[in-house]
Each structure stands twice: as structure tokens, then as C-alpha cells.
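What follows is chain A paired twice: with chain B in the first complex and chain C in the second.
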Partner chain A sequence: MAVVGRRVRRVESLDRVKGVGSFTDDLTYAGMLHAAVVRSPVARARIKHIETGRALRRAGAEAVFTFQDIPGRNVVPIILEDQPFLAEEYVNYVGEPIAVVLASERETARAAAKEVSVRLEELPPILDLLKARRHPRVHLFGEDNVFKHLRIRRGDTAAAFSSCDVIVENEYRTPYQEHAYIEPEAMIAIPHPDGTIEIRGSMQCPFYVRKAVTSVLGLPESRVWVVQAATGGAFGGKEDVPSLLACQVALPAWKLKKPVKLVYDRTEDMVSTSKRHPSWVRYKSGATRDGVLKAVEVEYVIDGGAYSTLSPAVLYRGTVHAAGPYRCDNVKVDSYVVATNRVPTGAFRGFGSPQILFAAESQMDQLAERLGLHPAELRRRNLLRAGDTTITGQKLTVSVGLEETLDRVLEASGWPTGQKRDDGVGYGLSTVFYGVGLGAAGKHLARTGARVIVHADGSVTFSVGTTELGQGMTTVLSQIVSEELGTPLECVQMIAPDTSRVPDSGPTVASRSTTMSGNALKDACGKIRDVLLAEASRALRIPVSDLRIVEGAIVPAKEEGPSMPIDEAIKSCTTARLPLSAEGWHVSTSTSWDDRTGQGDAYVTYAWATNLAKVRVDRETGEVTVLKMWAAHDVGKAVNPTLAEGQIEGGILQGLGFALTENMFTDERGVIVNPDFSTYIIPTAADSPEIVSLLVEHPYPDGPHGAKGFGEQPLMGVAPAVANAVRDAVGVRITELPITPEKIWNALRSSRRVPVTQR
Partner chain B sequence: MKLKFTVNRRATTLEVTGAERVIDLLRERLGLVGTKEGCGKGECGACTVLLDGSPVCSCLLLSSQVAGREITTIEGLSEGESLHPVQAAFAETGAVQCGFCTPGLVLSSAALLADIPAPSREQMKRALAGNLCRCTGYQKIFEAVELASRNMRREKRRRR
Partner chain C sequence: MIDVTTYIRPGSLEEALDVLASGEFTPLAGGTDLIPHARGRGPRKMLDLSGLSLDRVTRTASSIEVGACATHSELCRDAVVTKALPLLSKAAALVGTKQVRNRGTLGGNVVNASPCADTVPALLNHDAVAVLVSKDARRKVPVEAFITGPYATCIGPNELLTSIVCEPLEKPTFVSFLKLGRRQAVNISRMSLAVCLMMDGKGSIKGARVSAGAVFPVARRMREVERLLAGESPSKRLFAEAGALAAQLMVKESGVRWSTPYKRPVLAALLERALAEAASGNFGEQ
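Right after this comes the complex of A and B.
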């Protein structure tokens, strides 16, 4: 393979280092207006009256739009259809959109938005996820405030626990995690004279955006055209939220017949957009003396906020990943996502799994401790291998490289196994897995399209429906196209994702772009190869079956014989007026899920990983310093190792933020207390430890060149590795994230009063 | 008031009130959109420019504060088509992911290397701690600074 597997330079990086203006806020259109959003200041209220007169009298203010101006349906359709675009009778969270204000300048629009006065009759909010479930009086969603309940029933946990030699039972909690992409949410709508509307912005899912705008404006899909602008980080935060922004610009643009731009202010972005679901977990696990994981019982509750958005799908992933990457014959999982009067939570790298894996992997270390086994040894005795069956009853056949990831990390780290020194330094392990793609919960979306055109001069353009978010999709897909067609990488150009160029290809989520768009491109390129090979066959007088494309030339499969450079074959096809363009399509292999038992082939395949954290804990202050991290990931095939390492390194640092510092919370009125970078602390360069990334390649036969998706996985096992390392370092077990110095200090103080017997 | 200052080596005069933010002058009046706004509060560093060679947040700077001074934005770092060694190194090592923080990080790195030609990792961490990046984990950014440092010192020796 000439290009796949090589560390080629990211294709858009030269533009980025020069600061070429391709992000949404860099774009300007003649006559463009600026929008600002009027939002609810309270967590729950009935709307009595919206007064817009004063805002409209401000110089430069152009218009105010409320739900009454919506020509279509007042709903942002995602999975369920419970979220209004603009609030009508009730507001259900602080920051909920009520009206959109337009002005010639951004600052004027923002100032005028503050002058829209909304008379509200406040109602008592529900802010606690456990109180929300089956609340006796307040019904925010259905009868019980449960958006979705999922279950797994496998074996007989009650009987299995009675035969266990050790049982560990604990509760765990995790808070919001904010995406903190550095580019705030941004969107532009441009109405065209022909009755179409163009939407350009920062987004993961152009087809979601199209669906929302067609719903709100009451237009057919053929008249809404969505193009992704350069997107400055997303991590799940630009999955469903851009649909809301697109409606906020599309409505005024449609009504006023002028382009409209909207960029969220950072605080507004942090207050009003989705985050990782806060969670509560009760986890019971049991093992026999010889270190076999016998039974797992989990109750998992996550806070979905005021509207369901992507929560049912988030819950699905969390449920499937509930027991970690282990064999276990007796499993009972009950998971719930509940409605509260807080900001709707949604997709964030890992998608419901980091919370449950924090619990699962903390449990594994406690079992190991009670059994007197090394944490790596207990995992080795239980981890999934080819031929094993997952807790959903899925038989694993190929591409199960988990044990190799464990071996590689142990080998690279030289984790000392001898007598533990009392120097405040500790090591912590986690082994995790990631179901690639949407899985059975999203199987109706598991298809993608692509289009490839080979031009007469030999250059190639391609279009896909998935998006570049910084993860490196453009480069990886360009490498695949270059490989398939034998044309040099520098001749291959991706066109910005655009709903008019390919059929609905689903969302850019679930680490699915490389596999899905990669396979669709292979399909399209295959059709073009057929034309090229037929033409070469004619010219060379060699049967097609005896020809290959190798590094820019069509050559005989056998050693000797004439060959033909690819650009010559292209010229020849052009002269013969043969079509060198093709559509590609890919549909995932089937997945299944039984709602009653939680059994089925939950995902098409899995990525696997082992993480090891080395930390030092200051016993006086409780402060944790992460000294070094090792991570090995089975990615099937690294199409571009540099980009794969970039995913590992970036995911680890986000995971360290989740583990140690990121602590967004609301006050007793449901107001987020720390919506800015000076109070919500994400890791900086100064907090970045040395990271050793190791790539393991157990090819996935249905992936392009063996590749699996894995971009989310690097974050998922970091928090439990750190929690386990803290325990190893100073003997305290922290079960609530983030692991702050206060929590460690308090735990150290109380552990001094009650002597610790373990280790 | 008339504001006279230098932007990317060019003498520039603008009619201003004195209270505009410099980031808005650059992006909206001069069309230099390489300077990005991530927070508007001086907390993320995406809007970093060099003011007389030192990195500052242009969202916290008012137009009256830059009278007579010299500003370098990302557009002014490269000379024509040829990239500054820091820019080339960022592209080379994989230090760019989404690229929104990149102009600020490149400028802060260039200022660091102008000050300390061969910085240690600790010096890099201190110098870059004001520029948030949510994608890369900073590893490949450190590698880029090291690569640029090597290339710049080699170039300097060659010129001697």
C-alpha cells in the first residue's frame, strides 16, 4: 500500500497555520444581519407575555421573531420530537431560546436581546436526577420523567452472587463535562431568489441540520441546502445543537430575505448548549477466588435535562458498555435517562460510556485488591478474546486485540511489580472497549454515500456526507481515494460536505467516518477503476483480470508485460468519452437488539484499549500530578498513524480534564455557576503529561483496509485509570468525579481515623 | 480620533473612537480574519497577536492602546508564500487538528523562540499555557516547537 498507513501531512493544515479564513465567523455576505437569542433566565416557568417594543426601538435593531412567526412546525426533530425551536407556553431550563433578535451589528443584536422583556410565572424546578425519576407531582416527560429505560438480562445474577467469594458494591457520580471546543457554535443562513435557502456553519451533521430547517420553515428537503464550514472542534457538541442554531438563522433569513449570521458568545454557549450527561451509578460486582468475574448488577441513571435530544442513543451506548470489556455470564443492567429542568445534555466523545466505565473499571481494581491479584492479572483472566461472547450475547470472531493492548502497555511502561514504595507515586490501569458506529440503536442511519470524479487532467474531487471536525477525516479519506485510484495524494481534493452532493449519509458521530465514508468511497472508486482497467486492457491487450493498479500505473499482475501510467489511462478514457465519475454507497452489516433482554449484536465491531496512568499525590494538599500516561488502542488499521496518535493524545487530555478538574455545576435555582474558561478548568499545555501512544492493528475485514473507528475511545478509560492510580498512590478510593484535591484530602483525613487494612 | 499603527509591517491609519477592541479592528476593518475569537475575555488565547513582539489577547486590547505600536497577526508571520519555521513545523508534526487555536499557538510559539531559541519542555508549557487547545493534547505542539527550534538554529548557523 502506497498511501494508506503512511504519516502524510494533514491536507488542510497549511491553510490552518496561515490562518486562512474558512470558519463560519470569517465569512461575510452582502446585506448580512446579525442575530442574538433571547433566553430564559429561570429553570421552569410559564410564559405570560413577550414584550418586544423596547428592543425594536433601539437604533440598528431590525426585527424580533418568536414562536408565532414560525411557518412550519415549532419542533427541532432529533430522535423524539419534544424540543421546541422557540419556547411557547413554558420554559424548562435556564438558557432556553424564546426569541431571536436581528440587527445590523452583532453588538446591537446582543444589546437589543437584553431589552426583550419576558413576563414569567416561575414554577418549582426539578434539578436532581434521582428525584426527577418517578417524581410524584412534576411531570416533565411522560408519567415518570424517564425519556428511556434500557435493560440487559443475562444469566441469573442473584444465584451467581451467592456463589461469589468477593463482592464489591459502590455508588459513583460524575458531573457535566462541557465540550469546550475553542470555536463557539456559529451558523449563517442565506436565502436565495429561487426559493432555496443555504445554511453554512460549524456542524457535525449537515443532514440533521437540513431536517430541522425543513421542519421549522415547512420546506421540502430539495429547497434546503446545507454546507459545512470549517469547524473548530466539536466532540459531540456540534451534533444536535447546530440544528437549533440553523433554525435561529433560517427563520429570520427566510422572513427578511437577507443573510443572517449567529455566533454564540462563549458564556451563552456554555450555558445553553449540550454537555456530557451527569450520572449516578450503583454498581455491584462479584468474582470467585480464582479471579473470574461471575456477576454484575448495575443501575445507571443519567440526567438528560429538559428535552430528550440524543439521550436515548447515549443511554444505549452506556448500557452496552456497562460491564467493561469482559466475559460475564450473569448480568443485570437497568439504565435510565431522566428529564430535569436543566440544559439538555447530549453527545460527547464516548457517548454515555465514560461515566459507566469509570464505575466498571474502579470496581475491577477493588475486586483485584480484595482477591490479592495484580490489577492486570485480574483483567487478563476475564478480558474478551476472539471466540468469546459479550454481555449482550454477541459472539466476537475477529479483530479482538484487547489482550495485545494490555501486553503492549505493560511492556512499554515497565510498571514496577515489586514492593510498593511509600512515595505518593501510584499506577492505575483501565481496559476498555468501544462499539464502532451507531449500533442497533441507530441502524436506520447506518448508511453513507460518496461521489468521486476523476477530471481529464488527472485530478480527483470527492464528496462525502460526513464532516471534518479536526479528527482528520479529510486526510484519511483522501489517502483511501489515492490508494484506490493510484493517483497521487496531492491530486485528490475533498469538497466541503454538502447535502446537495450526496444522499443522506447520516451523522458524523460514533467514530464512523473512516469506516463508513471510506467504504462508500471504495465502492465509488471501484466503479471508476473498472472503467480505467477496461480501457487499459483494450490498449495493452491484457485481460482485465490480469491487471493491477500499483503506485500510479496499471501494470500486469505477472512480472513482465507492458504497463500504462494512470494519467495516460485517464486521458484515453476522456478521449473515448467514458464516464470517470461514480457514486458509492455503503450500508453497515446488520446489528440487533432485543429491548426486553438487551441481547443482540449491539455493534458491527469493537475497538479495544488499555490505559495506564502514573500519578503523584501530595498527601498534604491532595493535589494530583499526572506524571505519564500510556495508551494502546486496537484500531484495526491506522490509515494515518500520526492522526491516530493525535486522537489518542487529545482524547487522553480531555479524559484527564474529566478525571481531575472539569466540574460544571448548577446552583439551587438551576443556573450554571461556572460558564467560562476561568472557572471551568480544562487542561492547558502546563497540565499535559508525557503520553505514550501505541497502535495495535487487528484488521477488521469489513473496514476500509482493515480500519475500525476509534476516535472516541482515547477519552473513555482515562478517569478510572487515574482513580485507580490515586488509590495505588495514597490508599484512598474516590468514587465521584472530578478527583479534586479537596476530595482526596478529606478522604485521607477520614482514612487516618479509620486505619486502612488493604494493601 | 486617527489611529496610526503598524500592522504586519505596514503603516496603517484608521478612524476610530478609541474604544474598539483590537480584534474587531483586525477582523472587521482590516479583513485579517486569521485572528480568532474563542471567548472574548482573554481566557482562551485564540485571538493572540504579537504587540511589539510580545503575545497579547487582542480581545482585551482597545484601539487607543495600540497607537504608534506594531502588531503582527498570523497573516504577517509568513513572508509571502514562504512559511515561518513555526508554521511549517506545526503542519509537519501534526500539531494542527481543528486549527481554530492554531494561529494563536503559532504566534505564542514564535514569540517564545524569539526569546529562548532552544526552550525546555517546562519553558514551552509555561509559554503556551495561555493558549487553550481542546483537540491535540499539546504533545505534537511541543514537538512542533522543538522542530522549529532546531530548524531556526540551523538556519542561523548557516547564515553566519
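Right after this comes the complex of A and C.
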């Protein structure tokens, strides 16, 4: 393999360093107007009247649109279709869109938006997720405010617990996590004279955006054309939210026949767009004296906010990952996503799993402590290996490199196992896994397309339906195309993702781009290779089956014999008027899920990881310093090891924010208290510990060159590793994120030092 | 958007003071506080000070005069400041980020008068004096009196802070500066402590200067603590007493808030630590 597996530089790196880019706010069109959104100032109210006169009298203001102006359906189509695009009778969260104001300048639009007066009859909001579930009087969704309830029933937990030697039971909580992408949400709509409308913007999922715009404008899909602009980070925050923005620009653009741009400012973005679901978990685990995990019972409740958006899918992933990467024959999971009068929560790297894994991995360490086992040893006795069955009854056959990730971390870290020193330094472990792709909850979307064109000069362009978000997809896919066709990497160009170039390829989520688009590209490239090889076969008089493409030439599989440079084969095909372009298509292997028992082949395959955190805790201030982290990930095949390591480093830092500092919360009226970066504390580069990234490669036969998706996994096990390290360092167990100095200090004060098991 | 209606960048101090005489202009130094304010209801008329060469550090026989427009980065690397005012240098090094330190100025930090301004406790320990000039007057106000409340000073609308005069402390003096925040950079102080211990020849504390930021509504010297330390020999018990006294003062003046149960013991512990660190001589001597 010449290109796949190589540490080539990310395609965009140089441009980003130089500040070259075509981000949405860099784009401008003749006659373009600017939009601003009128939002609900309260968490729950009935709308009595919307007064737009004053706003329209402001110089430069052009128009105000409300739900009454929508030609199609007033709904953001995601899963359950409960979310209006613009509020009609009720508002259900602070920041809910009510109207869109248009003006010639952005500041004018924003000022005019403040002058739209909305008369509201306030209603008491429901803000607490546990109170919201089965609330006796307020019904925000259905009868019980539960968007979705999922269950896993496996074995007999009651009987199993009675045979356990140790049982650990605890409650855990995690708060919002804000995506904090560098570029806020941004979108432009450009209506064309031929009756089509073009949407360009910052997004993960062009096909979701297309669906939303067709629905709101009442147009066929053929007339809505969506192109992704350069996107400055997403992390799940640009999965469903861009659909809202696209409608906020498409409606006025369509009505006024002018291009419309909308860019959220940072506070607006933080107040009104999705975040990681806050969670509450009750977790009971039991093991026998010899360290075998016998039974797990979990109640998992997450706050979906006012509308369901992606919550059922988020809940699905959390449910499947509820017991961690372990064999366990007796499992009962009940998970709920509930409706509250808070901002709708949605996708965020890990997608419902980091919250439950924080609980699951904290539990494992407590079991180890009670059993007098080293945390690594308890995990080793229970972790999933090839041939084992998951808690959903899925039989694992290949690409199960979990134990090797554990070995690699233990080996690299030299984790001291002797007498524990009283120096405030501690180590904490987590082992986690990640179901690759959409899984059974999204299997209807588990297909993707690609298009590849080899030009007469030998250069290649390709198109896919998944998007570049900073994760490095463009580079990885270019490497795959280069490998398949023998084209030098610098001659391979990806066209910006565009709904007019490939069929609906589903969303760019679930760490699925490398495997899905990679496979679709392989399919397309394979068709072109066939043409090239057939042509070379004719010229060289060697059967196609005996030819291969190696470093820019078609050569005989056996060392001897004539060869043909690729360029020449391409020329020859061009002369012969043969088509050197092809469409590729990939459909995932099947997955399944029984809603009643939670049994089935939940995901096509899994990535695996072990994290180890070394921390120092200041006993007097409660401050945690993360000194070093080791992380080993089974990625199947690292198409680009540098980019894979980049994912690990970024995920760890984002995970450290979730673990230690990021703490967004609402007041008693449902208003987010800290929607800015001086009070919502994300880690900086200066906060990054030394990170040792280890790549483990147990190939996945259905992935391109053996690759699995894993971009989300680096974040997922960080918080429990840190919590376990804090416990190891100073003997306190923190069960609520973030692990702030105050919480550690309080725990130290009240615990009077529960001794840590010596080892 | 920044809605600035008038922007003037004079080339001389006289010209600047003429403009300021109208009382309508806000001086703009590094802009790290002012520009974010200007996005909201901040000032609309700005007087850019960058053409006035107010960034010099001058040493006289008894004092060091730091130009108001000296940036935090300059305070970190200026040979005179790092040697004679190591506390100020250390405090400046903990401001914001590299980018903020490259733009932000000492004068700006003082005039903005945030309760958690990093340089202010260091300045207080050096009996710093603000030099204020206007078209027809010039006056000197101790920094301690200059800052009158959270984000409030006694500067007049026609006045410009041109420099800050600091008194280096007699030798041997041991210093330390500690800051509690929530991360390693762009870190707004939750607590900052500047400590100077002036020692006599026999190992006793002749005099002490202890200032706290983000602890009281306005950063201030803790003279009660200084008196407790003066004349004593450094000891763990003494420093613990000093810490306890500081915590008491905080609760008395700032009242009990949600953070008090945590901050009270942590202030005590941090001051104890800062004093021990100063006494050890590890942090720096001047």
C-alpha cells in the first residue's frame, strides 16, 4: 500500500494556517439581504400577538416572516416531526424561533429583530428532567413527556444479583456540553430564476438540510440544491440545527427572490442550538468474588429539551453502550429521553454514550475496589473478545482489539502497581467501545454514494455525500482514491459535498465517513479500474486478472513482462471514447433491534479503546491537574495515522472539558446563565496534558482497507478515567460532572478520607 | 458590530489632551476590554493612544515609572521590571493569553478596574501611584485610592492615565504571586494573592505587603494581615494564622455567597502557601 496508511498532510492545513477559506460568512452575493431571528425570551408561553410594525419602520428593514408565511409544512423533519420551524401558538424554550427579520445590513436586521414585539402569556416551565417524566399536569409531549423509552432485557438480573458477592449502586449526573465549534452556525439561500433554490452553509448533513427546505417551502427535492461551505467544526452541533437555519434563510429568499445570509452570533448560538443531553443515571452492578461481572441494572434518563430532534437516536446509542465493553449475561436497561422546557439537545461526539459510560466505568472501578482487584485486572476478566456476545446478544467475530488496547496502555504507561504514595497523584482507567455507523436505529440511512471522474490529463475528481468538518475526511478519502487508481495524491481533488452530485448518502455522523464513503469510492474506483485494466490488457496482451496498479503504472502481477503507465492507459481509453467515470454505492451490512427486548445486532462492528489518566489533585484547593493521558484505540486500519492521532488528542481535550470544567446551566426560569466563553470554560491548548496516542489495528473486513470509524470514541472514556484517577489520588469518588474543585473539596471535607484499597 | 462613530489617533500628548478636554472620548489602549464592551453599549468615541509612545519604562533613583501603554508582554520581558518589580512581571505573565498580553496594557488593566485584574495586587504591594494628566492639570493618585469600586475609578472624563510609578522594596525582600482560576490560559482569576516579605538580617519579617484580588469588591492590601506578620519569624503556624485572618476579612467584607464555603478555606490555604513560598525564597528576591 503506497498511500493508505501514510502520514500525509491534511489537504486543508496550509489554507487554514494562511487564513484562506470560503466559510459561509466569507461568501457574498449581489443584492443579498441579512436575516436575524426573533426568539422567545421565556421558557414556556402562549403567543398572543406578534407586532411587526415598529421593526418594519426601521430604515433598511425589508420584511418580517412568521409561521403564517410558510408555503409548505411548518415542521423541521428529523425523526418525530414535533418541532415547528417557527413557533405558532406556543413557545417551549428560551431562544425558540418566532419570526425572521430581513434587512440590507446584518446589524439592521438584528436591531429590527429586537423591535418585533411578541405578546406572551407566560406558563410555568418544566425544567427538571426527573420531574418532567410523567408530570401529572404538564404534557409537553404525549401523556408522559417521554419522547422515547428503550429497554434491554437479557437474562435474569434479580436472580443474578442474589448470587453476587459485591454489589455497587450509585446515581450519576452529567450537565450540558456545548460544542464550542470555532465557526458559529451560518447559512445562505440563493433563489434562482429557474425555480430552484441553492443553499450554502456550515453543515454536517446536506441531505437533512434539503429535506427540511423542501418540506418548509413545499418543493420537490429536485428544486432544492444544497452545498456544504467550508465548515469550522461541528462535533454533532451541525447535524440537525443547520436544517433550522436553512429554513430561516430559504423562506425569505424564496419569498423576496433575493439571496439571504444568516450567521448566528456566539451567544445566540450557545443559547438556541443543541448540546449534549444532561443525564441522570441510576446504576447497579454486581460481581462474584472472582471478579466476574454478573449483573447490571441501569435506569438512564436524559433531557431532550422542548422537541425530540435526534433524541431517540441518541438514546439508542446510550442504551446499547450502557454496560460498557463487557460480557454480562444479566442486563436490564431502561432508558428514557424526556421533554422539558429547555433548548432541544441533540448530537454531540459520543451521542448519548459518554454520559452512560461515565457511570459504567465509575462502577467498574468501585467493583474492583470492593473486590480488592486492580482496575485493569477486573476489566481484563470481563472484557469482550472475539467469539463473545454483547449485551444486545450480538456475536462478535472479528476486529475485537479491546484487550490489545488495554495491554498497549499498560505497557506504555508503566502504571506503578506498588504501594500507593500519598502525594496526591493518581491513575484512572477506562475501557470503552463504540458502535460504528448508525446502527439499527438508523439502518434506513445506512447507504452512501460516490462519484469519481478520471480526466484526460490523468487528474481525478470525486464527490461524496458526506462532509469535511475538520476531521480530515477529505484527506482520508483522497488517499483511498489515490490508492485505488494509482493517481498521485496531489492529482486527486474532492468536490465540495453537493446534493446534486450524488444520491442521498445519509448524514455525516456516527464516525461513518471513512467506512461508508470510503467503500462507495472503492466501488466507483473499481469500475474505472476495470476499464483501465481492460484497455491495458488489450495493449499488453496480458489477461486482466494478471494485472495490478502499482504506483502510477499498470504492471503484471508476476514481476516480469511489459507494463503501462497509468497516464498512457488513460489516454488510450480517452481515444477509444471509453467512460472513465463511475458512480459508487455502498450499503451497510445488516443490523437489527427488537424494541421489546433490546436484542439484536446493534451495529455493524465496534471500535475499542482504553484510556489511562494520570492526575494530581491539590487537596487544599481541590484543583485537578491532568499530568498525562494514554489512549489506545482499535481503529481497524489507520488510513492516516497522523489524523487518527489528531482525533485522539482533540477528543481527549474535549473530554477533559466535559470531565473538569464545562458546566452550562439554566436558572429557575430556564435561561442559560453562561452563554459565553468567559463563563463557560472550555480547555485551552495550555490545559492539554501530554498525550500518548496508540493505534491498534484489528482489521474490519467490510471496511475500506480494514478501517473502522472511531472519531467520536476518543472523547467517550475520558471523564470516567479522570474520575477514577481522582479517586485513586485522594480517595474521593465524584459522581456528578464536571469534577470541579468545589466538588472535590466538599467530598474531601465530608468523607474524612475513605482509604483507597492498597495495591 | 462595533458602532464607533469617531476615532482619533493623535501623534502627541498635547493633541490627545486637547481632544480629551471635551470629556466625550474614551482612551483606547490595547482594546482587550474596551473593544468587547464596544460591541454592546460601549463607548462610541475613541481616542487611540498608540501614537503617544506611552510604553516606556524609566528608572529613577527611588522609583520605576511604567508607561500606561506598556503591554503585559513588555512587562514580562523588560529587564528593569523583571529585576526590580518581579511581582508585577509575574502578574502580567498570568493575564489572559499570549495574544491578550501582546495587546493589553498595564494602564488599561488598572483603568478597567475589574475586581479580578491580575496586575492590581502586584501594584498595590509596590505602593503604585497613577499619574493622571489633563489639558491644564497633572495629579498623582495612589492606585489604592484610584480604584474606587468594581469597574470604577476616580479618573475624570478629560484625564489620561499616562504612567504608573512603583516603589521597589528594600532588600532583602522575598515575593510570591498565586492565582486561582479554572484553567491554564484565558483564565479569569477567582482569587489572586501578591506577597512581599521584607526580612531583617536575623531571619525575621521586618515588614510585609499582602494584597488580594477577586477576594474583595475591590482589590486591596490586607494591612491587618501585614501587621500580624511584621516582627515575627516565619513559621507554619504564623502563616496559617495569616491565612485564617485573610479568610475572616473576606467573609466580613464580601459577605456570604454560594462560593464562600469553598473560598474561605481555600483563601486561607492559598495565602499560607503564598507566604511559605515567599519565605522559602524560591519564587524570587528583589
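We take it that the second predicted complex is superposed on the first by the 751 of 759 C-alpha atoms of A that agree within 3 Å, B and C clash if a C-alpha of one lies under 4 Å from a C-alpha of the other, contacts with A are read in each partner's own complex, and residues count from 1 in each chain.
As a working rule, contacts are C-beta pairs under 8 Å (C-beta built on N, C-alpha and C of every residue); 3 or more make two chains touch, one makes a residue touch a chain.
Because the structure is predicted, anything quoted here is derived from the model rather than measured.
Enquirer: Contact-wise, after the overlay, does A:L120 reach chain B, chain C, both or neither (first, second, both, neither)?
Expert: Neither partner.
Enquirer: Once the shared chain is lined up, is A:A446 touching chain B (first), chain C (second), both, or neither of them?
Expert: Neither chain B nor chain C is touched by A:A446.
Enquirer: Check the residue A:A189 against both partner chains and state whether it touches chain B (first), chain C (second), both, or neither.
Expert: Neither partner.
Enquirer: Considering only touches as defined above, state whether A:T684 meets chain B (first), chain C (second), both or neither.
Expert: A:T684 sits against chain B and chain C alike.
Enquirer: Tell me the contact category for A:T621 with respect to chain B and chain C: first, second, both or neither.
Expert: A:T621 contacts chain C only, not chain B.
Enquirer: Per the contact definition in the header, classify A:Q654: touching chain B only (first), chain C only (second), both, or neither.
Expert: first
Enquirer: Residues of chain A touched by chain B versus by chain C: which partner has the larger set?
Expert: After superposition, B is the partner touching more of chain A.
Enquirer: In the superposed arrangement, does A:E742 touch chain B (first), chain C (second), both or neither?
Expert: second
Enquirer: Residue overlap on chain A between the chain B contact set and the chain C contact set?
Expert: Overlap of chain B and chain C footprints on chain A: residues 677-678, 684-686.
Enquirer: Please give the residue numbers of chain A that touch chain C in the complex, ascending.
Expert: 106-107, 620-623, 661, 677-678, 681, 683-687, 741-742, 745-746
Enquirer: Which positions of chain B touch chain A when the two form their complex?
Expert: Residue list for chain B touching chain A: 27, 33-41, 43-44, 46, 73-75, 78, 83, 87-88, 90-94, 96-103, 106, 124-126, 128-142.
Enquirer: For chain A, which residues are in contact with chain B within the complex?
Expert: Touch residues, chain A against chain B: 7, 9-10, 12-21, 23, 25-26, 179-184, 230-235, 265-266, 469-472, 642-643, 645-646, 648-654, 676-678, 682, 684-686, 688, 690-691.
Enquirer: Spell out the part of chain C that touches chain A in their complex, as residue ranges.
Expert: Chain C residues touching chain A: 1, 3, 97, 180, 182-186, 188, 259, 261-262, 265-266, 269-270, 273.
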